[in-house]
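Presented sequentially are two complexes of chain A, the first with chain B as partner and the second with chain C.
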Partner chain A sequence: MATQYDADVIIIGSGALGSNAAFELARKGKSVIILESGERIPRWKILENFRTSSRKSNYNDPYPNAPWAPTSFDENYITNTGDFEFLPGMLRLVGGTTWHWAAATWRYTPNDMKLKSTYGVGRDWPIDYDELEPYYQRAEYALGVAGSDTDDQNGQGGDPWPPRSEPYPVPPEAPSYYYQRLKERIGAEGYHFIHEPNARTNQPWDGRPACSGNNNCMPVCPIGAMYSGDVHASHAEAAGARLLTDATAYKLEKGDGGKIAAVHCRSSNGDDTRLTAKYFIVAANGLETPKLLLISDVANSSDQVGRNLMDHTGMGLQFLADEPLWPGRGQIQEGGIFDWRDGDFRRQHAAIKHALTNKVPNEAVTRRLLDDLIVGPTLDERIRHDAARWVDISTTFEMLPHQSNTIRPSSTYKDALGIPTMTVNYSVDNYVKRAGEVAKKDFANFVRIMNGEVVEDDTGWQNRDHIMGTVIMGDTAENSVVDGDCRTWDHANLFLSTTGVIPASGVINPTLTGVALSIRVADTIAKEV
Partner chain B sequence: MFPDTASSKTTLLSPARRLSRRQLLGGLLGLSAASLMPWATWAWASETHQVSEKEVANFLALSERLTGRESLDAKIAGRAYRVLMEAGEDFPARQRQLAQAMEQAGLTDMRKFKAFAAAQDQTVVDTAMAIISAWYLGYTGTPQGHSATDDTRFVTYTGALMFEPTIDATVIPTYSRGRTNYWHTPPDTLATD
Partner chain C sequence: MTFSRCLLALTLTASVPLLAHAEDTGSKPDTQQSGEYLAKAADCAACHRAPDASGESYSGGYAINSPMGDIIASNITPSKEHGIGNYTELQFKRAMQDGIRADGEYLYPAMPYTSYRGLTDDDIHALYVYFMEDVEPVDNAVPDTELSFPYNLRMLMGPWNLLFLKDHDAQASKQSDAISRGRYLVDTLGHCGSCHTPRNALMAEKDDQYLAGAIVDGWHAPNITSDPSGIGHWSQDELVQYLRTGHVANKAQAAGGMAEAVEYSLRYLKDADLQSIAAYLQQVPPIRNGQALDVSSATKTTPQASATAFEPVRDNSPEALTQSDSTDGQRLYTAACASCHQLHGQGTQDHFYPSLIKNVSTQGDNVNNLVMSILRGVNRQIDDYTVAMPAFDDQLNDQQIAAVSNYVLTQFGNAEQSVDAAQVAELRNGAPAPWLIRATPWLLGLAVIVILLGIVLLARVLQRRRK
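For the complex of A and B:
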């Protein structure tokens, strides 16, 4: 008798990565079940939660934080043992964390993917850029990415780079006055400003409206111009996938022939369900994915699961320029300075990205003035003066994978479902510290050029919420968790759709690459199932 | 702009508010005509459910003086007063201490606040800043960026005074002021900013 399965493919996690894979499989006629530990929440509720929040700079706050599906800011979600307080802002609801990303959607470059062979550091990807390019294209169409077809994204002022088979689906939005002026003055000293490709569409796209500058990409776009994973969760359902909410996977069950036989999930009232499928995709993000593998004792013959944790750990600069620039008009990010994206220096230190933040700065401005006891009419005058001149630069660094940067199931804490939370050990290496010194020299230049008054130029290391390396991709079963197709070496029917597979971090935000890889996973599985 | 003279006191209150305050305070004003804030010696509620309209009105008057505004929103005042009390039940007493200190120092022009603050107990300064912060930022307490909980309390969003000085140039985030790409050009006021 033929084996009966609950679905062809079960996908764990309804974030941007899981949902894109689910949609691609469902539209090819495969039967798909998506398990999501959170609930589906309409945008207007999140928006109202934000507007009535007393901690608006806390980007997890407007989102549900249930004992059985806690966000990453919940107490004991992560216990840190390293010298850096690693704590990204991960969410638990249909659509996942991209509800409050900023939708920067860069591609890696060919050199990013061959770091070891080009510069002798870190690791190479087992696949190259040409292999990924068609999937980047499909991912950009899925997300409605606005981008420049003429920029050299290596930041050297050369020909358009990296290579593209087709133009960006949406043209770039107009640069703000703030961006234009900084580019004019800082660019005059040779720094290259590059438009940030982004999924904050400025033309109607796939049912989403054009951005109208509500300036709240993080923590919630009020109009849904900015892409979030719920778009494809809904598309997947419309194409026939079944989405089960309040369903937290806590165990992958091994079956015959090295295959995964079933997934066990638990609901908030404690009910357990066992579901079988021909294929499984774990798309529970770069932290929850390795945790699930480790507590299930699967896919770890290499002992690499949960190691090599990389964020684009960063630092920041804020200063007051000598002229009114009026940040806060338009989208909260627009692009930045890319001179340190690629070059021979990567043998010595990490690549560096300086991104301009274009957020309405009134809260930061006002808090600073209040701290200085500035009140009354002077306060009102200064708020206008300083808000017009506020420059905020968010800098990120390339990371190298290290065995000692780990995420492990906690041996102390459990969530309300009885599932262990996490322990993270993370520190920043000298490759990054050397780049930090270079970035600080840039900071001094930016301040000098803009004749600025420094507000903060020594923030220490900061989280950037890009989780990579934790289920690393490689070319042998001994040194990696998945192969170049995101298939686990140990289990032929288990794939991982997460930025956690990324073996060389580059300096650009990783999610577009994750979506491209997920679409590719769906193509691979669709051929086999 | 606000000369520190007796006549300037009235400029802090709109005619309508002056009337309602007179009604509210009734004969008491007469008892202490020279007093800026006669209620500074009254008894206060010790729990939020006891808060009276009078207390909120008095908090509003003090808030208007501290922020240099003539007509703050009474509903927001009610919320701010209650959350400040929630954050510290001694708030009414501290507010009274502040009002008395301001009265003694004759502080009406908030441009002179720093000099005033330098001569006061830290608690007086903290109380003043707690009230001013609540109005400007729209919350009380200190937000924690990476925690599910902190000691903040919501007061107002669109009513937060920090948005007033720039409202013609930038948005209150989540609201929109124009169409796609409006941001390409600077605000009209650029030359005088």
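For the complex of A and C:
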């Protein structure tokens, strides 16, 4: 008698990656169950939570932090043992952390994916750009990405790059005055400004309205112009997928023939459920995914699960320009300076991205003035003056994978469901530190060109919430967790949809690549199941 | 060669000189050009579209939501296998004006053949030439329309046609050119009455309620007679602007079927034709249907509260941050609507997000369009941009949509109106069934008699024609 399964495919995690895989499988007629540890919350409610929050700059604050489904800002969520306080802002709800990303949707370049063979450092991807390109295309159409078809995204002012089979689905938005002025003045000294492809659609797309510049991408887009994973969670449900909320996966059960037989999940009141499927996709982000594999003792014959943690660890620069630039109009990110995206220097130091932050600066401006004990009418005047001139540059660095940068289940702390929390050991290597010195020279140039008054040019290392490498992709079962199809080497029916598979980080935000890989996972599984 | 192919060949031969002319100048022959324009004016594309927005024009498959069930729009590209590629001009004319397909089956009156009945022979010819020669054939097989019994019996349309398919009277010629052109555009090509004229028990348009307003698929197609409860307070320019863009600031915005009419048809019409439509509507005999509606002087009904009054006290518990079943209309409005329509319902200064105060959808005495806009959102493609309001049907339940609607009505709109959850549920699940559908089980017996009578009548008519 044929084995009965609860579903063809069970997907753990309803974020952008899991939901896109779920939708692709469901619309091909596969039976799909999505497990989500958090709840479904409508946008209006999250917006209300944001408005009533007294911690506006805490991007996790509008979202529930439940003992049974904690956000990463829960006290014992991560215990750091390295010299860097690693703490990304991860969420638990239907749609995942893309509720408060800023929707940067870059593609890697061919060189990004062949770092080792091109520059002799780090690792190569086991697949090349041409294999991923059609999936980038599909991911961009799924998310409604606005981008420039003419930019050289390598930042050298050359022909359009990387290669595309189709134009971007949505044209780029108009640049703000702030962006235009910085580009005019800093660009005049040879720095290349590149528009940032983004999933904050500027024309109606897939039921989403056009961005109207609420400038609130983080922590929540008030109108849903910015893509978040709940879009495809809903699409997947409409196509027949079952979405189970308050269902935290805590164990993958091994079966016969090296396959995964079942997933065990637990609800907030402690009820356990065992669900079986022909295939499993773990799409629980780059931290929870390796944690689940390690707790379950699966997929780790290489001992690479939970190693090679990378985060585009960054630095920042804030200064007051000599002219009003009016930051805060339009979207919170627009692009940046990409001169250090690719080149022979990558043999010596990390690639660098300087992103212009276009967020309304009033809070940061006011905090600074109050710290200087400025009050009364002078305070009002200075807020107006400084907020108009505030320039904020968020710099990120390419990381290399290291065995010693790890995420492990905590041996000390457990959450309310009795599931271990995490221990992270993370430090920044010399490849990045050398790039940091280069970035600081750029910072000095930017300040000089804009005749600026420095507010902060030595922030130390900062989190960038781009979690990669933790379930690394490679070309042999000995050195990696998954193959080029995101299939675990150890279990033929277990796939991982997470940016954690990325083996060479480049310097761009990895979510679009994750969605592209996830759609590719769905295609692979659909052929087999 | 079959007879129909002979006819087609003859037709094609007839148009050879025109085609030769086209090659000379690089422009389309007049007949085809006017055919394309007529197809826009007749709004063929709004229904005969693909189910998917990216599908080819006229390739069909779109499900038209009718009270009898989904009517699947046919493929009217000249595909020989799946479209109308084998239609003769005569067969085309019969479909357009008698509601009878090439294979002799009756069409349902979702196809507005009762309106197209008034098309001139020249326009029929131009449309035929356009569809045969200018539209690319798309070999897209469209599923059959499958209504439930007894509406799956297309022969029922025989007696229905005898009762309701009338020739258009010719007294238009007595009026000025603009008025008669407007009338032709409204009655014949634009088939405005198919939405704006209420229907009788047998789903035919009521002549004595011509353009006096009706409910279509849940949306309220308002009274567009010259009465103050209709378009009596509209200027001709406002009407033209509305027809072209679906938007008149501080007055009205098109959604639902009217947004489709603007998107697929009206925005393509020449200014003179839009002026004619407006001029004609302004002299359509007034019919009072509801209260007089002049929103230009509407003001917010209650004084403005301070912004802090709109924010509930924060409770940090995960349950409180998750719980989203509030039926407090003010809370819902503040969080779900005010980002665009603004806290006091005034919309934005540039009217991109319209005022909810000076707005026929909130000030009128029919609440359907308010509720439907919330449930389904708004989507209207205009020449250089698309207007879109997201649908809230998956964010707000029936009680919540009723609550937020009532908040809008009491704060910004017609406070005498209200919405209850049952109304929302009905609109969410499809418009309330018309009398005919509700009465169907009891009527089936009667229907049999009607059918028999119809057959008898039809037989007699046919006999007479043969004589």
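Methods note: the second predicted complex is superposed on the first by the 529 of 529 C-alpha atoms of A that agree within 3 Å, B and C clash if a C-alpha of one lies under 4 Å from a C-alpha of the other, contacts with A are read in each partner's own complex, and residues count from 1 in each chain.
The working rule: a contact is a pair of C-beta atoms (placed from the backbone, for glycine too) under 8 Å apart; a residue touches a chain by one contact, two chains touch by 3 or more.
Note that the structure is a prediction, hence the values are computed from the model and not measured.
Enquirer: After superposition on the shared chain, which partner residues are touched by A:58: those of chain B (first), chain C (second), both, or neither?
Expert: First partner only.
Enquirer: Check the residue A:222 against both partner chains and state whether it touches chain B (first), chain C (second), both, or neither.
Expert: Both: A:222 reaches chain B and chain C.
Enquirer: Thinking of the overlay built on chain A, is A:39 touched by chain B (first), by chain C (second), by both, or by neither?
Expert: Once the two structures are laid over each other on A, A:39 reaches chain C alone.
Enquirer: Considering only touches as defined above, state whether A:47 meets chain B (first), chain C (second), both or neither.
Expert: Touch status of A:47: both partners.
Enquirer: Hey, is it chain B or chain C that touches more of chain A?
Expert: B
Enquirer: On the A-aligned overlay, A:176 touches which partner chain: chain B = first, chain C = second, or both, or neither?
Expert: first
Enquirer: Could you tell me if A:387 is touching chain B, chain C, both of them or neither one (first, second, both, neither)?
Expert: Touch partner of A:387: chain B, not chain C.
Enquirer: If we overlay the two complexes on their shared chain A, which of chain B and chain C does A:274 touch? Say first, second, both or neither.
Expert: After superposing on A, A:274 lies clear of both chain B and chain C.
Enquirer: Touch check for A:207: first (chain B), second (chain C), both, or neither?
Expert: second
Enquirer: Look at A:234 in the shared chain and tell me whether it touches chain B only, chain C only, both, or neither; answer first, second, both or neither.
Expert: Touch partner of A:234: chain C, not chain B.
Enquirer: Hey, what residues of chain A end up touching chain B and chain C alike?
Expert: Common interface on chain A, chain B vs chain C: 47, 51-54, 65, 203, 210, 212, 214, 222-223.
Enquirer: Under the touch definition given earlier, write down the residues of chain A that touch chain C in their complex.
Expert: Answer in residue numbers: 39, 41-45, 47-49, 51-54, 62-67, 69, 203-204, 207-210, 212, 214, 222-224, 234.
Enquirer: Taking the complex as given, what residues does chain C use to touch chain A?
Expert: The touching residues are 311-314, 318-319, 321-324, 331-332, 334-336, 339-340, 352-353, 377, 379, 385-391, 394-396.
Enquirer: Report the residues of chain A in contact with chain B in the complex, numbered from low to high.
Expert: Interface residues on chain A, with respect to chain B: 47, 50-58, 60-61, 65, 70-71, 73-75, 85, 87, 89, 173-177, 202-203, 210-216, 220, 222-223, 324, 326-330, 359-360, 362-363, 365-367, 370, 373-381, 383-385, 387-388, 463.
Enquirer: Give every residue of chain B touching chain A within the complex, in rising order.
Expert: These residues of chain B touch chain A: 1-2, 66-68, 109-111, 113-114, 117, 125, 128-129, 132-133, 136-141, 143-150, 152-155, 157-158, 161-166, 169-187, 190, 193.
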